[in-house]
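Structures are listed in the sections that come next.
In the two assemblies presented below, chain A is common to both, partnered first by chain B and then by chain C.
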Partner chain A sequence: MSIEGFTTAAETVAPASSPNIDLERDLARLIVTALSLETPAEEIEPEAPLFGEGLGLDSIDALELSLAIGKAYGVQLRSDDERNHRIFASLRSLAGHIARHRTP
Partner chain B sequence: MAGAALTPPAWRQMPERGNTFWLRFMIGVGRGLGWHAGHALLYPITAYFLAFSPRQRRAAREYLGRALDRPARLADLWRLYFTFAATILDRVWLAAGRIAGFEITVHGLEALRRRAEPGPGEPRTGCLLFGAHLGSFEALRAVGDAGCPVDIAVLMHEANAARVKAVFDALGGSRRTTTVIPLGCPDSMLRVREVLERGGLVGLLADRAPAGQRMHLVEFLGSPAPLPTGPHLLAAVLGAPVMLAFGIRTGPRRYAVHFLPFAERIGSGDRAGREAAILASVERYARAVEAMCRAHPYNWFNFYPFWQEAAA
Partner chain C sequence: MPVEGPDLVLTTRDAAEIICHRAGGPVTIGQFLAEAAALAATLPEQGHAVNLCADRYAALLGFAAALLRGHPTLLGARSGSLDGFLEMAAAQYPGAYVMAGAEDERRPALPFIQVDAPRPGVPLPPLRPIPAERVVAIGFTSGSTGTPTAHAKPWGALVAAAAAAAARFGLRPQDGPPASIVATVPPQHMYGFETTMMLPLREAVAIHAGASFFPAEVHDALAAVPPRRLLVTTPLHLRVLLAEGRRPPPLAAVISATAPLAQEIALAVERDWGAPMLEIYGATEAGSVASRRTVREDGWLPYDGTRVRDGAAEVPGLGTVPLADAIEPLPDGRFRLLGRLADMVKLGGKRGSLADLNRVLAEVPGVEDGVFVVPEDIESNPAARLSAVVAAPGRTPAEILDGLRGRIDPVFLPRRLAVVAALPRDPLGKLPRQALATLLAPGEEA
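Up next is the complex of A and B:
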């Protein structure tokens, strides 16, 4: 019960060895088009939060984004992934997740 | 437009703590003394709330005047408050799936059943259920007992989710578990999608939204009132069918659960034209809830100035 919750919360996503600059740029464009954002893709800070105070996305945006990511990269984002808060944290973390799971 | 000015909604300022106290009180009474004693206590409890909640009373009076099409009398306020208190008491049993002693009629189950158990060759699609703060959403659990075995998840605001979960936990002993999906996590809607993919139902109350959510002003019982667009946007993004669901209290331990077809899908799937489809959908939702309010005026439990923002 609580012990499980504790360990999963403390789990971390291993940082990608190096940022995937191309993928990040690509993903930023996908985010902007999939969500019809007014922010230009180049202005999305790789480390800034995507949700809440950063880019200001909400959970419906996350759903649309995950559908678009599934289509573009073949990576299915699932709700049972305990690391979702970290995966969705920023452009960089999202790109890192895609890089590790995409079908080549 | 008025969208940004619609915060903070008045219901967020309503005494949640008080509600929790009374909810726990009701659970204690219901479990300790049984339904009949609990029901007898509803009279003094109703009197207490009617006497000591001037702000809610004012809001209720405004609503009743609109729904009844005449000035609300004290007897109307009494019935509204009493019905509200009664649904809280009944929740002790309904939320735990203990419906012995209850008379629950279900309307429109066939349409719902076709979703959960499609014919050969038809895809198994889940369904979103849009409710309202109208009657008892817990009564919807009766669908399981009416022979429609489906997963039901309920999507709700985080603070309420914690509260409701605490209540469910306090009740314990539930045979079926109702999954509560808290709003406000990046993956909230992914969870919704996954329940639907399994052919489950996801219920949400589409007549209120927390601060900061996009609202659309629609004509409701005679004046414009703000209703959230989020539920309709969610349905549009998912491409999921939507049914309306209301559990109306019609008497002591008597409920009529209505499932009404609403939309096969909202919008056409692309973003162009989606906005208009969503607003049209909010309008249609308002019409349906309005009809329910007129048919069952004492089942409406939004005890805050529903039209306030429109007037300001």
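Up next is the complex of A and C:
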């Protein structure tokens, strides 16, 4: 638990994954378009949960999102990734994951 | 057709045959039975297993162990209101316990059995025939309002269904090399249960265990198993896999169920992947009852021993089971689906009643009038979602959504929700479709 907390904290401060404001804005628009959401992109809270409560996405959305993210950033989403829960935790964590794995 | 015979043991497959391909290597029937017996020995005397295992091998192991112990397995929803499901299980099924893997989230509501914990071996007890009428699994339809309805599955019916599917899809020992199934549907969904639990137990099938949800995972899973490869999936996954554009390894067949498959998706699979695109028609209540090759056949051919007529199917071991679709029998013994009976809607493999959904909507605080709206493309767009138009003075769409959350299955939550002063009812109280569509059009603010 403490290790997990430490890793998350480290990820937020590490230079490679400090909040990517531009990418977050870009990703928010992509999410809204790909999933036909009513919420305006600028109203998606960077730290709010994407699934369940929060934005209320589900597994159908996850699949749609994987397609859109693959096309836009060349990043393949996986559920067997140990960090999966953290990757999908919020707009910020998803943007961080994409920033670390996108093809330059 | 009665279901009986000495072959009603857990499995009639040889000990050396492969039942599962895992990351660590293939698992034989012999090894699987030994692990199932060891797990069964740790289970309580009496009980009901709530199988929540995400890993397909763990799910199969849990089901087999519960079977050996004489416990029915509750095939609970892995998504949706799981806590509500567990409360129901605790209240209605004596001795209910949760089976899950080390990776799965713990649920404090019920006793917990970790399926994949290491445990000492025990001598394999002789496999005795399991009575055909014994209920070994219970499927649940959540309905639209999340109150689960139970559908008992006697062992004989499941064995007969597996045999019928194997005959239909060439999965019997005499049909060729064993098939490898990669599935994108959870083992707790009736379609996933039949294809990734019953088929490997009973027929010449090995399942892939490991993640196979996202497109990249499906490709890796297919590459990791030997031919003959069978992809068991849904229209939703097929649409995404095709849009992504990578060609999978050679496939013996692709099977889809849970919703009608658009002709263009079937054509693309046959053309781009060079594989027969087969569709199964079924329901949680009846199980799989018919199939077709979508690009060639409009009519569905019932499984051997099953008869399908308007509104019901006669299923071996189950008897007469009502169906939620209008059916037109064809002269050649096939049948055509004429669409869902009015009021029924199906999304993400879940079926709900619009009347139920509208009733729950009306009960949300502040709602004076409201209606769910089904999109025009619900039958052709696998990602289609419901909308709602609500008269709720002073309330925001977010408040209405909060009121619905937890009371209906999440898949039915309206994606677009317009709050209006009054619903556009005509003098007869009816709601013209066009008027609702206008209210829901993008950019329209009430």
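The working rule: the second predicted complex is superposed on the first by the 87 of 104 C-alpha atoms of A that agree within 3 Å, B and C clash if a C-alpha of one lies under 4 Å from a C-alpha of the other, contacts with A are read in each partner's own complex, and residues count from 1 in each chain.
Going forward, contacts are C-beta pairs under 8 Å (C-beta built on N, C-alpha and C of every residue); 3 or more make two chains touch, one makes a residue touch a chain.
What you are looking at is a predicted structure, and each value in this text was computed from that prediction instead of being measured.
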Overlay on chain A: chain C relative to chain B, clash or fit: clash
First (chain B), second (chain C), both or neither touched by A:Ser79: both
Partner chain(s) touched by A:Ser36 [first = chain B, second = chain C, both, neither]: both
Partner chain(s) touched by A:Phe88 [first = chain B, second = chain C, both, neither]: first
Which superposed partner A:Leu63 touches (first chain B, second chain C, both, neither): both
Interface residues of chain A shared between complexes with chain B and chain C: 36, 59-60, 62-64, 66-67, 77-80
Of chain B, residues touching chain A in the complex: 183-194, 230, 233-234, 237-238, 271
Chain C residues touching chain A - in the complex, by the definition given at the top: 79, 210-211, 213-217, 236-237, 240, 243-244, 347-348, 383, 385, 397, 401, 405, 410-411, 413, 415-417
Interfacial residue positions of chain A with respect to chain B in the complex: 36, 50-51, 57, 59-60, 62-64, 66-67, 77-81, 84-85, 88
Residue numbers on chain A that touch chain C, as the complex places them: 35-38, 52-53, 56, 58-60, 62-64, 66-67, 70-71, 76-80
